[in-house]
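Shared chain: chain A. Partners: chain B in the first complex, chain C in the second.
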Partner chain A sequence: MTMLRESQIMKIHYITGIAALLVVAVHIMMRLIMPYSMSLGYENVIANYHNIPYVVLLESILVLIAIHGFNGLRIILLELRQSKAWEDGVTILTIAAMMGVIAYGTRTIIVANGLGFE
Partner chain B sequence: MTEQIIEKIEKIEKKHHKKETIRSSVVLKVYRANRLAGEPGRYERIEVPVQRWTTVLDALLHAKAYKDPSIAIRYSCRMASCGSCGMEINGIPRLACYTKVSELEGSTITVEPLANFPHMRDLVTDFSQFFDHHRDMQPYVQNEHADIKDREKLSEFMQSPEDLDRFLQFSYCIKCGLCYSACPTVATDTKFPGPQALSQAYRYFIDNRDAAGKERMNIVDERHGIWRCHFAGSCSSVCPKGVDPALGIQLLRGHLLGFSKNEKKIADLQERLKRD
Partner chain C sequence: MEIDRNNREGLKGWLNPGRYGWERVSYWLQRLTGVGLLAYFVGHIYETSSLTQGPDAWAAMLELTQTPMGHLILILVIGMSTYHSVNGIRLIFTHGGKGLGKPGRPDYPYDAVSLNYRQKSGIWIALILAAAAMLYGASVLFGGE
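Let's look at the complex of A and B:
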């Protein structure tokens, strides 16, 4: 269960954390260019999902936060108990949950974008 | 220039000046329990006479000599060299021989065994796990070119003062376990080597006589290794010898992340016979 060394995982953790800060900042700025209520209007949201650069931004937020967040959760859970079974279980579960969240989020983006449905 | 430095030092000293409180006696609130016999813990209050220079260890030894000989304490050198008398004094891990009664607030001094160590009896804890973590770091210079068996060929390394400065402060560690006791990660993760072992890993990693840096890096680069440090910094604040284990951990992390150069020039060997 050691595909990556802990230092490599932590490098990914720090890089995704910093990158997530940047993309979320861009995301928030884009939400603020119009009144907040308008920004969440159905037409505006769908328009956003049809804007490819914005879709890339949303997907990167999803991937970066999922990787960073679930690795953070793995670290917290690792410190709770010390046994090989627990450590492997926690690692497998968090990777599965991370992939599930990324898959579900990506599906939402694809459906809202209309890709493959038109 | 020198006067300015002296002024600065005086200012800092004034700022950190601890008020000494002179008392004729204090009450020691000593934690008593015999874990091996399954005894539950309790606190015993013992009044002892003190003088200005009385340390907590002196007070405890007075209590042991004249009030209750059954108090279990581990101590040896009485001069902060051996690291045996570590205990929690008023909730902070300190060396009993290095803590004067007069520098503590209040007339009651609570003494408890070190946290994060398996408790044995009264103020004595089990250091086996702590020493195991220390041993895991291979705390010795490893260099296949240095012949330590053949006395005739006994060799010495050429090391500059700058090379020495890189690890000197970490070599002051007396393995008293105070940093281990103060570490919040050790409190929940027993596999975490702790600040003492990690700073010793850095001490040998950065020592240019040692050639086993990579092996040592692999030891600390584990799930429960160096990355589990939360950088609370409590290890450095309790160290009685002025070692900064948190700094050692962060420097070693820098090497693992590639921020610092991992390659070092191994110190040259000079054979004693050749030199003579």
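Let's look at the complex of A and C:
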């Protein structure tokens, strides 16, 4: 049950991995441009969510790592056992989990973007 | 007639570190760090969602995560992500046929040309960079700033 060939899925896996590396590096640098404990202050974090380029970066981290991570999990589970039912089940479950995590993370980004400073 | 595609060794075959030396250890670490990072990623999304419940919920979450144990977990995550990234780049090159060496006649003791010093040094570089990143992470997290 695959719409894509495994070779195409591996290309997506590698591209999302390299792209995630770049965006996560920027995300970590944003925590290090000021003292680490200060960067985690509520006002500072909410200010990050009001910065549209940073919001785009967070959403791209969310999508890239969810695709890469859950596809990696799918690969591991397919290496452990092979049968039609197992492969279809693993593919459906990992895609569902990936979509769930993306939806939940996107909800946080949208809600935090709408929050004001208290 | 349906072909039986069941992997008879299952988890035991996956975890066997003795069969291919360092390459097997690298294979194993790549998967363990991947699963660990996925678990951290899901936890981090949950942790960050406390922002939406206001400053008190965020402060309560920080009290839970910004502890010596939380910092140790974060240092482990730094090491896992560095190893996974560097070894992953090595694997991308390897899957593209780079660094595998030229195929040769299989003479005794049948050492695979593909498992050469380039591959082994790639694994060592990943391990050394992971250790260096963990030390830097520890200096930031426990450095008092």
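The rule is simple: the second predicted complex is superposed on the first by the 114 of 118 C-alpha atoms of A that agree within 3 Å, B and C clash if a C-alpha of one lies under 4 Å from a C-alpha of the other, contacts with A are read in each partner's own complex, and residues count from 1 in each chain.
What we mean here is this: a contact is a pair of C-beta atoms (placed from the backbone, for glycine too) under 8 Å apart; a residue touches a chain by one contact, two chains touch by 3 or more.
For clarity, every value in this text was computed on a predicted model and none was experimentally measured.
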When both partners are placed on the shared chain, which of chain B and chain C touches more of chain A: C
Contacts of A:56 with chain B and chain C, given as first, second, both or neither: neither
Touching partner for A:103 - first (chain B), second (chain C), both, neither: neither
First, second, both or neither for A:92, with chain B first and chain C second: neither
Which superposed partner A:5 touches (first chain B, second chain C, both, neither): first
Which of chain B and chain C A:80 touches, first, second, both or neither: both
Which of chain B and chain C A:26 touches, first, second, both or neither: neither
Chain A residues contacted in one complex by chain B, in the other by chain C: 10, 14, 79-80, 82
Chain B-touching residues of chain A, taken from the complex the two chains share: 5-7, 9-11, 14, 75, 78-80, 82, 87
Chain A residues within the chain C interface of the complex: 10, 14, 17-18, 21, 24, 32, 35-37, 40, 42, 45-46, 49, 62, 65-66, 69-70, 72-73, 76, 79-83, 101, 104-105, 107-108, 111-112, 115, 118
Parts of chain B lying in touch with chain A, wherever the complex brings them together: 185, 188-192, 221-225, 227-228, 256-257
Footprint of chain A on chain C - complex, ascending: 5-7, 10-11, 14, 31, 34-35, 37-38, 41-42, 45-46, 48-49, 51-52, 54-55, 58-59, 62, 66, 81, 85, 88-89, 92, 95, 140-141, 145
